[in-house]
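The structure under discussion is supplied below as structure tokens; questions concerning it will follow.
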Amino acid sequence: MFFIKKIFLFFKRELKLFFRNIVSIFSNILFFFLSIFIFVFALGADEQNLKSIGLGIIWSLLVLSSTLSLRKFYEEDFNNGVLVIIHMRGISYELIVFLKILSHFLFVQVPFLISIPVASLLFNLPIYEVYNLIFTFIIGSLILSCLSSMSASMNLLNKANFSIGGIIVLLFSVPVIIFSVGINEVDSDFKSLINILIGMALIFLGISPWASAAFIKLALRNK
Amino acid sequence: MFFIKKIFLFFKRELKLFFRNIVSIFSNILFFFLSIFIFVFALGADEQNLKSIGLGIIWSLLVLSSTLSLRKFYEEDFNNGVLVIIHMRGISYELIVFLKILSHFLFVQVPFLISIPVASLLFNLPIYEVYNLIFTFIIGSLILSCLSSMSASMNLLNKANFSIGGIIVLLFSVPVIIFSVGINEVDSDFKSLINILIGMALIFLGISPWASAAFIKLALRNK
Amino acid sequence: MFGFLINPSKFNKFADIILKPLILLCSVILIAGLILVYLSPLDYQQGLTVKIMYIHVPSAWLALLTYSIMTIYSVIGIAFKMPFSFIVNKAVAPIGAVFTLICLISGSLWGKPIWGTWWVWDARLTSVAILLLIYLIIIFLDKTFENKEVREKTTAIFILIGSVNLPIIKFSVDWWNTLHQPASVSKLSSPSIDISMLQPLLVMTIAFSLIGLIIAILRIKAEILIRKNR
Amino acid sequence: MLLINNLSFFRDDNIIFENLNLSLGNGQITQIRGKNGSGKTTFLKVILNILSSNTGEIIWEGQNVKKNIFKFYNEITYIADHNTSSRELSILDNIKFWKGLSSSNLSDDKIFSLLETFNLKKYLNTEIMYLSSGEVKKLELLRIVLEQKKIWVLDEPYNHLDDSSAEILNQTFVDHTNNNGIILFASHYNPLISKLEILDFN
Amino acid sequence: MLLINNLSFFRDDNIIFENLNLSLGNGQITQIRGKNGSGKTTFLKVILNILSSNTGEIIWEGQNVKKNIFKFYNEITYIADHNTSSRELSILDNIKFWKGLSSSNLSDDKIFSLLETFNLKKYLNTEIMYLSSGEVKKLELLRIVLEQKKIWVLDEPYNHLDDSSAEILNQTFVDHTNNNGIILFASHYNPLISKLEILDFN
């Protein structure tokens, strides 16, 4: 009972902090639309063309914007010691990581969901593609949150090179993208691809709390 | 004499902060290449398509990297008071802003330039497009640095309405990009478009130090 | 007997014995290979450009081989906590990166006259490009962490995960239809390539491997020395 | 009873402290003094298992704390030497968060009266970043009362405090030792507490 | 001679201080004391024109400082109550930066001996984030000597310092006043300086 209350409190804090930084969310979404416009202009508005690449653009922008928020993941709470205080109140680092991943998913990735229907409109995507997109997006962005968590915790240990975390996120998101975009190809087997994606998400959800927590503990030791 | 030395020192510090070691320079470039890969995977590798997309990809990565570094612009130096200390040593806020814009341009945007020729190869861009790209890119990224400076300084005010202002400033990058991308359209008048771009850059270089400095002073007053 | 493969001091002894003969052998084979390449026939379609093959194919094979070696050593390193394997990984990664780079550049140079373009985004080429990125990330990872233990473990795990890319490179020509040549030399059954081209190719491959091996031995020795002095 | 046996900590190859023994009985208050960089903060972190010791063990109620670290944490409040409240949240938000996390059952009235004594009540809805340095510190110190734990570990608690707040802190310390609490803090300040024991780190 | 005439500062509608008069002659050292939140830090910032006063003026050598703020700044060193050195750069990098900015002609030998007396020399190439809190503060305080200015304005300079460092700081203060320097600092600590004048903010 107390434990659930603690978790609830954790989310409440994240939510509040999120609303303090609502600007950066907006600027992420703005960046998103801006890039779409850029592509449309660069390509010239050939309708058929646009339709075929709309999905790809949305996905790659999603991936890039997750690397955007990498530093926000743990850095502040780690530097001012909040992570330790929370841990000392009985929440293991693994759980903290898990909660952080969830709140990153909820407060950073999901707001993107809102922009997808609008973006799809811009590209005249057929309705079933939009459904697919939203569906794969939910799973894919969960995977991305896990990846971000791992890279962000890795960055805590390394005080010199911040892009390496982003690079690793990008590298591992290659297969995610291939599968997610592949789902909308005409001749692809929707169900098995979705299953692969869900499988990946579960694996990452299983691995990343342990990996991230290990990095965080090590980083605390070297702090 | 002393003054020039101070400016030189300022750049040295920015350089050190930005590239704590040589690896991070390379990994920034690697990051750009991986992002290109991500786009290609997501968009599907239809050759004809790619040629026209290349430009869009490179430009949207540029915009992304500007929004990425928005928070790095002033926030840290503002919060721990370094801005005040530098100011008290005889450098006006306007000049500080100007130097910050230059160093953002040099250390964030220019490393991009290196990757453009290789990226153009990957997209099989014709050689005159590459020239155009590099040329417009230099001017365009300078404009983006000015815009980022303004919206970053607005964000320091930490009041919701101003933060929205910061986003609106970023919206100004839309015309910049439209012009820059438009230059490569077959039927466009290269020279007059370039002139428009240069004009915009000069205007922004003139405005943004004053505007940013004004916002910084206001923010200091409310700190 | 094969202790030198996992034990630093044994490796040092073995390396001291073998290094000089190896260098000699390597120079002989390299010269022989270059002569054979010079004498090899021109392709009736491709003309002189076919000689790029004698650089391209060996470096491609060695890029793959180097990564496989790193994968094996990573497994050993993680499973048996053998510090020597991390030394090998660190020493060998840049060599593999260079081979990959040579493969990419020579392939590009070859592609321009043959395919009419420097670069196409097909499965083979893309996966090799990704191999290069993976090599670079491995090198960078080694320079980012201050803590030695973290550095070595993370790198090893990363190498393992990255090895997924190897079969993709190898079988990309079979799985997807691409512009690139399917396996003709390295087919298990019978190589479908003229003997006059096969000979210089094999000799060049051996020469390339020996060069890689010599550099690797030197780098490993240096790394062992650095660690001893710390 | 908190026992510290033979504790050593090295950073890379530098000895920060070595073979330290200490026993903290109920009702005991101990101050760590020592030069800057002598390892006080590090010592506190090692006791809390944030850093792990190279040799030695920490024993709480007859059991090595590493056996069941959460049981140990459940008895401890740690106040670091820097601000750990979220700068972008208000005093009230921070207090609610801490209170919930520590499952404390302090009544709201009690909390408000605490805020009152520390002159913080008027800032209840102010974000931490708009407070003066002493006010931030006092908010931080509020946690020792809020969390209702037995062992208090504090790092430089007197910094930034004005005289009357330092007085209140002294009083709180005395009350806690009278209730059989255990207090360990590092500071350069000389508080007027009669039972105070000193651990010298020079 | 620094003259403060009739200075007031309001934050929104709260009066932080009002109608303050103060004159700081050469060789004078003044401590501001007062409760937490009484406005000491704010007062220092107003004097430095970081915040601008609502009424009143600050006069330096017969001239309102706002007339030529850089001339005034060129005589001042300000040490804030928090770390202003770049956490990610080494001690040496930070010192070089400050020294260059203030066009100081202090010799390198002198700087090294200063670092030596503060026990910091061995950390010359260590990043600030790896230092203990007192070491960071001492590095910060180094600026008063490094910049060679006439007026020193310091906010809580004694925090985090151990006894011997505080002693050195006292000595530095006394030397500076003997050289006709002007010192104004806010602190809750009672340093043993004979000429010390107190400005009470309660």
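Residue numbering begins at 1 within each chain, and the chains themselves are lettered A, B, C, D and E in the order written.
Note that in this section contacts are C-beta pairs under 8 Å (C-beta built on N, C-alpha and C of every residue); 3 or more make two chains touch, one makes a residue touch a chain.
For clarity, every value in this text was computed on a predicted model and none was experimentally measured.
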item	value
Any chain that touches chain D and chain A	E
Pair with more cross-chain C-beta pairs in contact, given A-E and B-C	B-C
Taking each chain's C-alpha mean as its centre, the one farthest from chain A	E
Farthest-lying chain, centroid of Cα atoms versus that of chain B	D
Angle, in degrees to the nearest 5, of the Cα rotation that carries chain A onto chain B	175
Chain C and chain D, separation of their C-alpha mean positions in angstrom	57
Averaged-CA centre spacing for the pair chain E and chain A, given as whole angstrom	45
Approximate Å spacing (C-alpha centroids) for the pair chain B, chain C	39
Inter-chain centre distance, chain B versus chain E - centres from mean C-alpha coordinates, in Å	37
Multi-chain contact residues (two or more partners), chain C	130, 133, 137, 140, 143-144
In chain D, residues with contacts to at least two other chains	82
For chain A, residues that touch 2 or more chains besides their own	159-161, 164, 167, 171, 174
Every chain pair in contact, whichever chains are involved	A-B, A-C, A-D, A-E, B-C, B-E, D-E
Residue ranges of chain E in contact with chain A within the complex	88, 127, 129
Residues of chain A defined as touching chain D within the complex	2, 5-6, 9, 12-13, 16-17, 20-21, 80-82, 84-92, 220-221
Residue numbers on chain A that touch chain E, as the complex places them	159
Chain C residues touching chain B - in the complex, by the definition given at the top	108, 117-122, 126, 129-130, 133, 136-137, 140, 143-144
Sites on chain C touched by chain A in the complex	130, 133-134, 137, 140-141, 143-147, 150, 154, 158
